[in-house]
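Reviewing the structure listed below.
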């Protein structure tokens, strides 16, 4: 039995993430999806709560024949202890999948096997760009799975993101 | 679609918890199992990590025809904000299942519907007693599901619990 | 202009505290009432929130001809920095009034003038005893100011205290 | 009895804030002034301590016939729990007054009535600009109430702000 | 070059600790003394600050021909990440010396070599007993090195310990 | 006996710091080197752990005839309590040596004597520039003491810094 761990913030979980999981699925029997910065929400960088992102992950991957553990992981603000924090909050795993250089470094220093994930079509399938499309009324729906569209709409996620991105001359009181 | 939320520490997840879920299963379509004090581990009160308890919950309930979200929830040390913390870390839920008076009070003050759970056979099926049995070499295996026995043994859980419970005249330096 | 600082947890603010303030009122022009452990609530030791205790302090002292600043002070869990924490959260003060030995020690080590407060009638006017009376249906109302009774009743404070004090054989899951 | 809650950082509390309170005064019987980021101080963005800002609020509003609760509220770094944090630290309130989009969003998601406040004369009466005037030797005194000038000068606030804003080629060691 | 790490709270650093270091000195070239719960102070369990304990360690071991790193380590309240916290705050070490069962377990689970330390004469040389002797006016001086007596007396440590241990009928307000 | 305290982040401890210590050495009998932001590591701004920086400080100053206490000090994120935090974690000191304006201000407000340190040759001997040289393959070795080169190389510090500085189009998932 081989269990992988895919680490990301998933703001939101989009089709690029889905494709990564599809390619991982050939290598592993089970997959932990570790949802980083799980406590962050209601900001332009992190609009969705940890719970909303659990729903996205589960909904987006429900049709795959792969047992998935969607686990929220809060920040610890101490890079040197972050890996043992992740280990303590997730089922034990044999390999890490990530594309953030810091995440890769930290897991490698801790002795884990890390497999770089290849993200495709980054002009469209990248968190920052998808959030920008949400704010500016662009075409974000085709870039995430249909069930993820539902999760975001049930949470009034686009409204929320637009409102918190609102610049306001009165902002500093 | 009705989603329930069952709140506990699950140190360990035992047959009493399993029976509660069986009875909840008639009422709900999906169930969040919120694993409280998820960051606590390696103590007599909380021997198992959040990740080990996720494995227990998933393994113990795998045969039920009920979608289960096993979500670790770290402590916040502020009772007055704890409910919104749980809400932000879990998929949205319609009813809470709990038997701890503080948990019940906090969810009720926040306007949630709370359904008391009935725990049976408390002489045998109670966390404190099962951990005592582990420490003293008693009969703990029949009180948890078989897959939970495996999770605990893979983590050398009984050894760990015995060692951290070790009193030692040298303890305070 | 001389400003005093009276430090306590005020769970609840009772007639003993009121009498202390009456005696301080002769010495000072203004009084800071620093409400310690402001983030603690919903427990037998600390049933009321910081906000509820602000209301108690203000209501109980409204008839005095003394400007009062009721300031919630959250715990910092580091005794060695606690005094500078209090200083940063309150208007500057010239003398400290307290009866807890640790509080007195910490302010004295930091170079403050500390005046011991004399509490009277401790069989009746002591926080622990008043909370016990609330739990057991005893005679707590005559031990606090009338406006404090209103604050506690508006918050369903007695119900809350009784519920969180509820022992339950099912408590540990 | 209707109680409002006016939320801001108040670095410093200036005439624009004063005018907002004057306009709120017609609607409410009592006003909580929730001083956000109360633990921040000694920076260009947040020069004054929570305690100094309590003094400013009280001094600036002393002549109004409106009971005011000036309450410091420390940051929690979790937007999703921030509203319940504010609720627990303040007397209960019926309506929120704010002009920061994030604050408005968070209170609205939590079910509060939020009334947008109109800030006037933003070229002069805006926190950032007033702090810039302090640093650069500009004309900041006429933009705050006279008693607030005293609070700032008693704390050597302008010196402090200038010093912490000091860029220094040796800054990084 | 072999570096050891001796872990304890050292409240205070006494002759039992000194003897342990003497015996370790044969095995190692350098020694890290990791001062646990470094942020705790001003309590009966932890009277001395981290800084005072650094002074004790350095003073007590100055005559040994062994390079010593006295490093304060603050608590993290998460057993599962504590070892990587210690590792990040100390020079790298090859072996751990400890006698607390939890400390031993945590380092062993993290893959460290742990050598149990033998503490002698525990009736006299044990932290709790020495602190009791300080409180009750007993004979504590002969149980610590002479330079440690000086550190404690310079800090008015015995006064502090007695005062914070003071029970007071007025303690709870 | 006069003890100084030299405060910095020391990312890394370079020849500019060494020269400052040489000049301080004439004034003091002992020196505390307070290593700020000790918990930060694995970032471009703070690549080295607190423990690695202890090793640098000790190695770089070993040949001086000056007793040095290298003490890691974690951040507290509250400027107003930071000085008492430093005081509690270090041996007592008589004078502070620093060149960061905020550090100087905070110690002065707390009543400490602060002596400005003069840093020389800032084009070469400045933390930011040395870290840039590490990232870009520049000439960093001659800017730190030889024993510090060894500490950095033993920790694979340059590799780490380059990797965490890696920008990556896939960075945001």
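Letters A, B, C, D, E and F mark the chains in the order given here, with residues in each chain numbered from 1 onward.
Simple rule for what comes next: contacts are C-beta pairs under 8 Å (C-beta built on N, C-alpha and C of every residue); 3 or more make two chains touch, one makes a residue touch a chain.
Predicted model, so just to flag it, every value in this text is computed and none were measured.
Both copies, chain A and chain B, contribute mostly matching positions to the interface they share, with over half of the numbers common to the two. With centres taken as mean Cα positions, chain E sits 35 Å from chain B. Averaged Cα coordinates give chain B a centre that lies 45 Å from the centre of chain F. Our note on geometry: chain E versus chain F, Cα centroid distance of 26 Å, whole angstroms. Residues of chain F in contact with two or more other chains: 39, 41, 49, 78, 80, 87-88. Taken as a graph of touching chains, this assembly has some other topology, since it is neither a line, a ring, a star nor fully connected. By the definition of touch given earlier, these chain pairs are in contact: A-B, A-D, A-E, A-F, B-C, B-D, B-E, C-D, C-E, C-F, D-F, E-F. Per the touch definition, chain D reaches chain C in the complex via residues 38-39, 41, 49-52, 54-55, 58, 69-72, 74, 87-92, 154. Across the complex, chain C meets chain B through its residues 39-43, 49, 160, 163-166, 168-173. Only residues 76, 78, 80-81, 83-85, 87-88, 110 of chain B touch chain D when the two sit together in their complex. On chain A, the positions that touch chain F within their shared complex are 8-11, 16-17, 77-80, 99-102, 104-106, 109, 117, 119, 122, 126-128.
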